[in-house]
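The two complexes that follow have chain A in common; it is paired with chain B in the first and with chain C in the second.
Now for the complex of A and B:
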């Protein structure tokens, strides 16, 4: 399925000076993504020879979602110069929006099943009350909050995945850019937004189960009989498609005249404004579209993770996002993908106990304890000595070619 | 029963508060005193008790109160041979171990026949109980009298009025007399038999914001929900409830049916259960089971069952209204006398305004304390940000470093006061060095890329946080304040401030003054201000900006260390404590205006008061307060993007 993308986009490549001709990295990326997807599918437990465990498929699928939000971050930071420390909030909101449907619909199926076994069938009211009691019993409530009114409707919640992060970004961005908040101030403001959101979600009475978050998201209503090994591959495909489509979209956005303008805004905002461009409008567009993509990435991520809680939205998560992009290399989309994949996979390898501990004789390095120290210092080193990040290596390789 | 409680309380307090008294010339002072009135003790009557008490009061022997209690509880025995008194415990073979009333030592074992148990009658026991109170109230030692008053306040009782009035007449210490007056008011308000006395006493409690006064008033105003066909004569009605308006109709009907005055109303669950038990061949009341998915269908089926006479009838809303209209629902005061309840309500209302005023004071003090913590946490950041345009994400970790320095010092120096005195400068030194090192190694190379400084310092921040976790563990470490800072300053029952918070306030004040002095009156301050305003021009005037930057960064970090020690005293020391303050600190700086000491002060004050102010409206929810505060700040930045105190000139930047 994901293989369709490179094939369908291969057609315009024939034309001279086309989009793909200008951006050879897109073809490379699509090709690699396709190969990777096929390889994982063949090696998976659900569809292939079972060399890759279901859990690992999920981790890889989640990593693809992280890559997607990383390229969104790269566009907003690396291309447009807005260091947003709040994009993980949009990611989380997307996750919450889809999580509400997953949780509601699954609970409803379970409740209908158990109530239906009685001698007389349940009324709608009884069902929704039982569902509410089941979901919100953990925060000591049994009423369905207002925001859950349409939680049973998949199309509505899917729309929310896009609309909630998009609208939040639109309003927040409009307020911030309108009053010309820039640079470090803007970073802190976005961080404050994330903090406010996570604090809000941490409350038990805001209708999203407080710090319990939403759980059991790995069970997809309507596909409850499908084993996780198959579901995980489906989600992996979906994530790969989303990443591919997102990459194409952003490559297209940053390549044309629009791309030149936002890069110019990054380099000198005042001059672009003097040239007559509506700087705020450009920034707002970039901020909002990346927020929407982040929401979609979140909506694909959390069904694979299985649980979402407000800690995911804490300011630190968004800073990690900036770290991935910086390590991968800003201002190039593949750099963001490399950074996100490299750091998050290395992190899960080292903290998951996969890496062997090193015995120095006088001290034993336990990676779970030292990984963050390594990451922090490594990150300082990258900022100081390799501002172009890992992606800079490709520049070097390309330049070497005759 | 309350009397017994009072006795026990008094005796307990006596046992706790009385220091061991030195042995006087006699080994058995209590026995000696009792022997002088031996017949009155052995065969007490109401008339003779006062004489015994007078003697005991004069003797002031240790164990007197224990004796009185035992005497009243029939635990004192008389040995007929010599007339001496003993306590006793059961021993094997129906024997008693006699215990000396002075020394508490077992003297001998006797059979129950050989001693007389002293059995005071009920009148005498009441007398002894009251005596126990007055005995303490008339005690020559004022501390003992105060302790007795506290005991009365803790478990008030009608019988204490008399003893207290008597004691009040004899009291000459004005402080204790005032306390007695108030206690008398409290007791009279609750227990006096005469309405005029009670109303008088209640009026005396007007504007008294202490919890005990409010408790008494609220007790008088307790109500009970009742209903009756007509309000009975002599009922002191608090309010009449209108079903449907200020009382749920179903709830009102529920009370009636609970009382058996109306048929129970089948609720949804009852209907469902009734249908469930009456399923016949897949139908209920002629309706197929699978159609019973709405309340209407269920009710129809139930009505069919009702027609067959199988189930209790449905109760419609009209039925409920009719049933409820038959009676009046009202809240009645437990206190039957309306004059008393009116006076109490008036008194409580007048108290309420005063209390809100004091609560406002209390909230303001809390806010001030929070503001000083924010100020301490943010001022270092403001300096570095203002002078160097550098965002130091590791600032929170410097706070943490300072707190852990305090913790380590405390493990080495056990004396809390000394360790605190050592920890403060040491924390400053440690974080000063860390700050200077960070400036030289990292930040210096990133001056042209401010956003990247933010990220690099964040890298340092996560590394430091994890290092702290590796060294000290994830468990929270205590940083204990010395005893003289441990208590609270109690202004009245509404307002109290923890001493440690007062200390932090003064520490923040001290730092404010010190910084103002350094910045405005010293050579370093002059150079810092010059670099802040125009680094290039300052350099050409012979100032070395690198050196100034380094020192400024060190100063900012050092203050973070000291802030860490102070914050550690009020919160737990964990590796994440810095991260908890960093965002707030940033907001303080941004709201206040970058690079200005007064700006930070204004920002901290605003945020502190705002947070506490929001908490006032919703005290249970600190998280909501924080959420709204952050939202407010986001909006605030819209209108004053440069903060409250905006710098002018080159430093104002882009």
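Now for the complex of A and C:
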């Protein structure tokens, strides 16, 4: 057969190795995500036999968004060694950016509807004043804050989903990395940023409705007639696509020489400098791109959650994120997905009243009280006994080729 | 032979301790130079200053034909202008393969975007194989660097240094932990490299230095005590007192 031509010995030993061939876990992940998406669709109320409730579809869609921010966290922490305790702030900012449009546009539709019933059509000024009064009545104001100027424009707010987290990460990262702040000091600095942002958003003067946050985000302007059972599946699909695309992007970023350099930075950044690499530039690149992906994840999460408030941005959320990635296994993208899905679903099961309380006779274990203790013990156990996390199990299953 | 690196009047103090005291030293291109001296003489600190790790209090470090002031550059910029360094303790990236370690050191564009798009060209691939052969790691290309022996890690680091294709190689105790035949190989390699570049070697092993057969600089208390041929330096009474005599 003509296929048996011996390889030319003069050719250099460069083997053409394709990206997917080198990273079989990517194909596995994509396959499983596809199967999961189809399964949820078939079982949903909106498109299938209705075995799983609309509410559960939303929980699963939100979980996919959490998996997306978890892989971003894994790249910045597990691969590049920057323990950021601020990525949930970027997630929240993405949510706020899209939430402003959702809230403004929907309120505008409702206002036009009610004002339009009068004999004289309302002027634009009347509409915008009524919208402002409707949205900000709850914080005792009727003025539209400056940052809401373009809230009625979907393209503008979509751009903000990417730009606000991206620019904040760029400026913050530039200042922090340039001063060579590393390790635990950098973690504290990112946490301080998160706390400051959260406290800032709690103020009514900020113009984002203070502790009330933005609500009613599950109603999508233009699709107000579409039932939630259908919308929830749409968002589930969007979340699955975003997770798939994010996974591919990060798998590609960490697989080649770039991945090699950032892992080297994690292990010994001084040595990487002496090889001629601008370590700060790499850190800034990784910090910013993961912040942008976190913002996108947030923009998909909050329309499914329906509400966003400053408590979501509190430092504890970012600490949870680090815990998910640690439990799932750092330095492998599927580990982050497993950790985020496993811990967040377990958390909603145990704290949402799904798990039966255990009566020991002398004491009643109420899971809503004990969940955090369990999580803490789990985290300590994983750190001490299974530093590779749940994902480490796959190392035993897959024998590495010699 | 023209002067490649000129260090003049450099002093540095750590918490009142004068590690480098008005040190002036120059190296040409091509040239092989051995640096000896007792512990604490400032040999490693001197390399730290040249590579940008330590900033001196006073003095000048000038580089190349246009006499650029290296003190204004960051570590990575200095490395990019053509100064490569091998550390005393071998520092390779242990959880990455020998191939990845070498690929990272290869002389290519260093910016994040170029590296993101980088694909090994046939030329890069051939260079990696050539380097691996040079340092005797051809069979270990796909192994992770962490499982190499101490001597092999030394070799890998030397390979990475050559991959950078620097004009000046600063080599800190390359022969530590090597067998006699490996030492011989190292000597050959350094001598060959010094035919086209400037090479500075810190070493304690006088046999090793004798084989290098080059100009020797002896440092003591942060400044040059003696400089010249090995015989000239070893005959110097001060050198015998502070270093050889012990």
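In this section, the second predicted complex is superposed on the first by the 383 of 402 C-alpha atoms of A that agree within 3 Å, B and C clash if a C-alpha of one lies under 4 Å from a C-alpha of the other, contacts with A are read in each partner's own complex, and residues count from 1 in each chain.
Everything below uses one rule, namely that a residue touches a chain if its C-beta (ideal position, glycine included) is under 8 Å from a C-beta of that chain, and two chains touch if they have at least 3 such contacts.
Bear in mind the structure is a predicted one, so any value in this text is a computation, not a measurement.
Superposition note: with chain A as the common reference, chain B and chain C can be accommodated side by side. Legend: residue contacts after superposition of the two complexes on their common chain; A:199 is shown touching chain B, with no touch to chain C.
In the superposition on chain A, contact is made by A:373 with chain B only, not with chain C. In the superposition on chain A, A:184 contacts chain B only, with no contact to chain C.
Residue by residue along chain A, chain B and chain C are tallied for touches, and B comes out ahead. Of the two partner chains placed by superposition, only chain C is touched by A:256; chain B is not. When the two complexes are overlaid on their common chain A, residue A:119 makes contact with chain B while staying clear of chain C.
In the superposed model, A:146 lies in contact with neither chain B nor chain C. Between chain B and chain C, the minimal CA-CA distance in the chain A superposition rounds to 8 Å. Touched by chain B in one complex and by chain C in the other is not one residue of chain A. Put simply, chain A touches chain C in their complex at residues 12-14, 253, 256-258, 260-261, 263-264, 267-268, 270-271, 273-279, 281-282, 285. The touching residues of chain A, when paired with chain B in their complex, are 83, 118-126, 172, 175-176, 178-185, 187-189, 191-193, 195-196, 199-200, 202-203, 205, 315-316, 319, 322-323, 326, 369-373, 375-380, 383-384, 387. Remark: chain C residues 51, 53, 74-76, 79-80, 84-85, 87, 91, 93-96, 100, 103-105, 110-112, 115-116, 118-120, 122, 125-126, 129, 160, 164 touch chain A in the complex. Those residues of chain B that touch chain A in the shared complex are 268, 272, 275-276, 279, 284, 289-290, 292-295, 298, 389, 391, 393, 442, 445-446, 449-452, 454-456, 458-467, 469-470, 579, 583, 586-587, 590, 621, 623-624, 626-627, 630-631, 633-635, 637-639, 641, 654.
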